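Shared chain: subunit A. Partners: subunit B in the first complex, subunit C in the second.
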Partner chain A sequence: MDAFLNQAFAGLSMASILLMVALGLAIIYGAMGVINLAHGEFVMLGAYSAWLLQTSLGLGILVALPIVFLMVALVGLLVERGVVRWLYHRPLDTILATWGVAILLQQLVRSVIGSESRYVAGPTILDGNLVLGGVVMSNYRIFLIFFSLAVVAATWFLLKRSEFGTKLRAVIQNKEISECYGIRADRVYALAFAYGAGLAGMAGALITPLVSVTPSMGTYLVVDAFLVVIVGGVGSLLGTVAAAGMVGEATAMFSMLMNDTIGRIAVLLAIIFLIRFKPMGLFPDKVRR
Partner chain B sequence: MNRTFKTDCIGYALFAILLLVVIPWAVSFDGFALNTYARYLALGMVAMALALSWGYAGILNLGQAVPFALGAYIMAMHLKLQASAHMPGGLPDFMGWTNVEALPWFWQPFHSLPVTLIAGIAVPVALAALLAVFMFRGRITGVFVAIITLAFLVAVQLVFIEEQRYTGGQNGLTGLAPLQLLGWRVDNYSTQFYYLVAVCLMTSLAIGLALVRSKVGLVLKAIREDASRVRFFGYDVARYETLAFCTSAAIAGWAGMLYVLVLEFASPTYMGVAFSLAIVIWCAVGGRESLVAAALGGIIVNLLEGRLSDMFVDGWTFFLGALFIVVVLVAPRGLFGLVQSAVRHAGKTIRSERGGARARWLATGMGARRIDNGGR
Partner chain C sequence: MLEARDLYSFYGKSPVLQGVNFKAGKGELFSILGRNGVGKTTLLKSIMGLTDGIKGTLRLKEESIGDLPTPERARRRIGYIPQGRAIIPRFTVKENILMGAFGREDGRREMPEGVLELFPILKEFMNRRGGDLSGGQQQQLAIARALALGPEVLLLDEPTEGIQPNIVQQIEEVIVHLNKKMGITILLVEQNIPFARRVSDKFIVLDKGRVAVAGSAEDLTDDVAHEFLAF
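Up next is the complex of A and B:
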């Protein structure tokens, strides 16, 4: 039983990481229809920003978080203005162009910083474990779970309650008409993309204590994050949360029953089936487009 | 004989001359250089296979590396068994290290060369057919096809890395014997070997061209433009899509077999995400609307990679990334599109000069009634 609960916690922890990575993607893909394969590289840039701020300025991850968010959001803004904005009417081509961006960003980091893996210390306040019966939970992982839910809440507020969110939803529904009402659609798109990139960067910074930081760390994350977004249903925040939870838990459970790799394979196959039978995701957005 | 058919024939003939005459002559039949070019040709072949499904049927297959790698592994299994003939029980060395007692049943058939050659194409096709029927019967299109094939690619690669006892895991299959083809010991640094690869590429290209020039090709193009409309006409869209997907897989498997002969090892990187997306890059650079152009794209990009990565190790990757962005933004139809619009432009200039003369002739009132269809 304890083994099961420990594994369930591991799954939850994995889900929280996936959720933060996927949330940015959910906005970029859900709102703009852009398949952003450079999303993993935004995560990687976030991780490196955290490493840079810690080694050069001595800032802890939590303090550095807003700075990382802004730095990666800026990169996202540049990518949107430079590449993505020409491709809104060609969704398949965004896969190719953003993969080019991914190659560039990876190589940039590799050339400037080097390809050896880097380690970032976690925040000292969150050291230690919470032990409940036989279940050992690292404080940092618990923090991540709550933090990711807080980020979802903030994003929900931004999309549904703020002026920016209203504009974004208007542009998603009908770009031309919103422009007639004086909304600058290209600016809204650019900011939304930057916000998604910033979220990815923040996720990257937060996972640095758990994984080693390498230039290619994003490649694995982007595929998983994509699957989460698709499973959750395009344009549905709640769906993304549920899907992240499901993918995280399913991977953890399959891994316990079989082994890590087989677990991942089983989840991938399950997702292929899901896309085949429910291409709109489990929780499709009801908004007419 | 219409114009596009003529263009195809000219393109095919020029490509044949390039492969069979110009390249060997340019490297003055140097064995090492020819081996490098044989590698580019095998990669061009898989890019061409992708153009068949992506360019013609609009199926963006991000898992094109799967059939390629399967072909490669099947050929490598045969060669590995040949190399391990003197080992106890004929077991490949890595199986000995991982305590495999006897040769597993799915390795047994690959003692025989004919079985290997058939399986190298049949296995990728069977797997592709399974996936294609699964996807296209459900009317999955566009982005979802891309995501499913990508997830499939990752899953297959994980299986190959995980089953180290049977596939060599991360190391892949190394230490292969040279191929014995009808008593000919294939030397991959020989001129004959280069011609073997070149002839395979030309043959597969001819098969591909025959397919796209046939009625099937026309239906495929129609599906790319508007699948529902084709369905209303009574065509079984899924069947046509499956056919394109499988043909593409067959050629990719064939290319994979050649690739192993060139490089003398098979590795799980052949089915990596990076490699699979690189195939898409080659195809896009060459131009996915033309099979010859896609093959040429694979050859050119790899040739550039070979040249530039020697000079600037890091610079090459920057170049590749930038190339991809620029091609998508500026020339989404690739080199083929650029050439085509250049030719059209030139043609238009010539014709407009002629048109000027004709307009003067018309202005005299001689052909006033024909002015409507005079323009073109």
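Up next is the complex of A and C:
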């Protein structure tokens, strides 16, 4: 029973990282229709930014978070302005182009920083564990769970309550009429893309104490993040949260019951099964048109 | 107020408008008439910069606007109410109206004055989704949204098309009110000739992308209607 609960907790903390990666994707893919294969590289850049800030300036992860967010958001902005914005009506070309960007970023990091694994120390303030019966929960992982929920709340507020979010939702639903009412759609898209990239960067920084930092670390995460967006239902924040929890937990549980590889196959099968019966995801957004 | 000289407008490489001239004065109700497919909607879209490109001059208050991107034209207080109304389906009625104010230069994001008196039904439905309203209600909403912009010019594309008859008259009264009482210059694309004749100061009839007839309301005779407008 304790082993089960420990695994469930580990799954939950993985889910919270996944959630932050998937939120950015949910905005970029779900809202703007861009399949951004470079999203995993934004995670990777976030991780390297955290490493760089720690080794060169001695900044802890928590202090570095806002800086990492801005750094990766800037990279996202450049990718959008330089590549993606020319391809909004050409989804297949976007896949290829962003894949190219992904390879480019990976190789750039390999050439400049090197391909060996890097390690980042977790924040000392969050050292230690919370022990409840037989369940050992590291404080850092508990922090991750709450932080990711805070990020969801902030994103919800940004999308539903701020003027920027209203403009983004308007542009998503009808770009032409939005422009007819003074909304500069290209600017809105660029900022949304940058925000999604920034979230991925933060997720990358936060995952550094748990995994080693390598140039290809994002690839694995981005696949799961896409799964989350698809399972959750495009355009639904609640769906993204629920799906991140499910994918994270399912991965943890299947891995415990079988092994990592078989567990992974089981998760994919489960998702295929789910999509067969709920093709629009768990929480599709329905409206009369 | 708003004028076009030798205006060509393109979809891809095909010119849909071919040398259109018109001039709508301040406070005028200016009708654009003609059969289906002669370029009426394209003319309004060209004013908003929604076609693939134009040649010729397009001027608002003596300023050339032909090269401006669409949002900049909106900021010069042109309110556009397209065919099909283009309500944002997932926005509430309130969000739909306030969206119109994004084009305001003064940064005010308020419910436009008098709109809820003009359209009491919108007050009732303030928190419903725009996509759940009927066609007539959506048309009222589209006009309300345009008013939130504080427009000097309104472009109305067949505002009574596909709307239940009891609301048609109400919308026609509102159009007259906006023009005569509030002094907003209106460009009206219309199929309903008696209505256009009754309320227009001036009109043009388009035929195959060109102006076939232009004049003031009394020039819109039955002969003109028969030649260019009957089906």
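The rule we apply is simple: the second predicted complex is superposed on the first by the 284 of 289 C-alpha atoms of A that agree within 3 Å, B and C clash if a C-alpha of one lies under 4 Å from a C-alpha of the other, contacts with A are read in each partner's own complex, and residues count from 1 in each chain.
Methods note: a residue touches a chain if its C-beta (ideal position, glycine included) is under 8 Å from a C-beta of that chain, and two chains touch if they have at least 3 such contacts.
Given the structure is predicted, the values throughout are model-derived calculations rather than measurements.
When the shared chain is aligned, subunit C comes close enough to touch A:180, but subunit B does not. Touch counts on subunit A: comparing subunit C and subunit B, the chain ahead is B. Of the two partner chains, subunit C is the only one that A:169 touches; subunit B does not reach it.
Touch criterion met: A:277 reaches subunit B, while subunit C stays clear of it.
When both complexes are overlaid on chain A, the residue A:219 reaches subunit B alone and has no touch with subunit C.
In the superposed model, A:35 makes contact with subunit B only, not with subunit C.
In the superposition on chain A, no subunit A position is in contact with subunit B in one complex as well as with subunit C in the other. The touching residues of subunit B, when paired with subunit A in their complex, are 60, 62, 134-135, 138, 140, 142-144, 146-148, 150-152, 154-155, 158-159, 161-162, 273-274, 277, 280-281, 284, 314, 317-318, 320-325, 327-329, 332. Subunit A makes touch with subunit C in their complex at residues 163, 166-167, 169-170, 173-174, 176-185, 285, 287-289.
Here subunit A touches subunit B in the complex through residues 35, 37, 83, 86-87, 90-93, 95-97, 99-104, 106-108, 110-111, 219, 223, 226-227, 230, 261-262, 264-265, 268-269, 271-272, 275-277, 279, going by the rule given at the top.
Every residue of subunit C that touches subunit A in the complex is listed here, in rising order: 48, 50, 69-71, 74-75, 80, 82, 86, 88-91, 95, 98-100, 102-104, 109, 129, 131-132, 145, 149.
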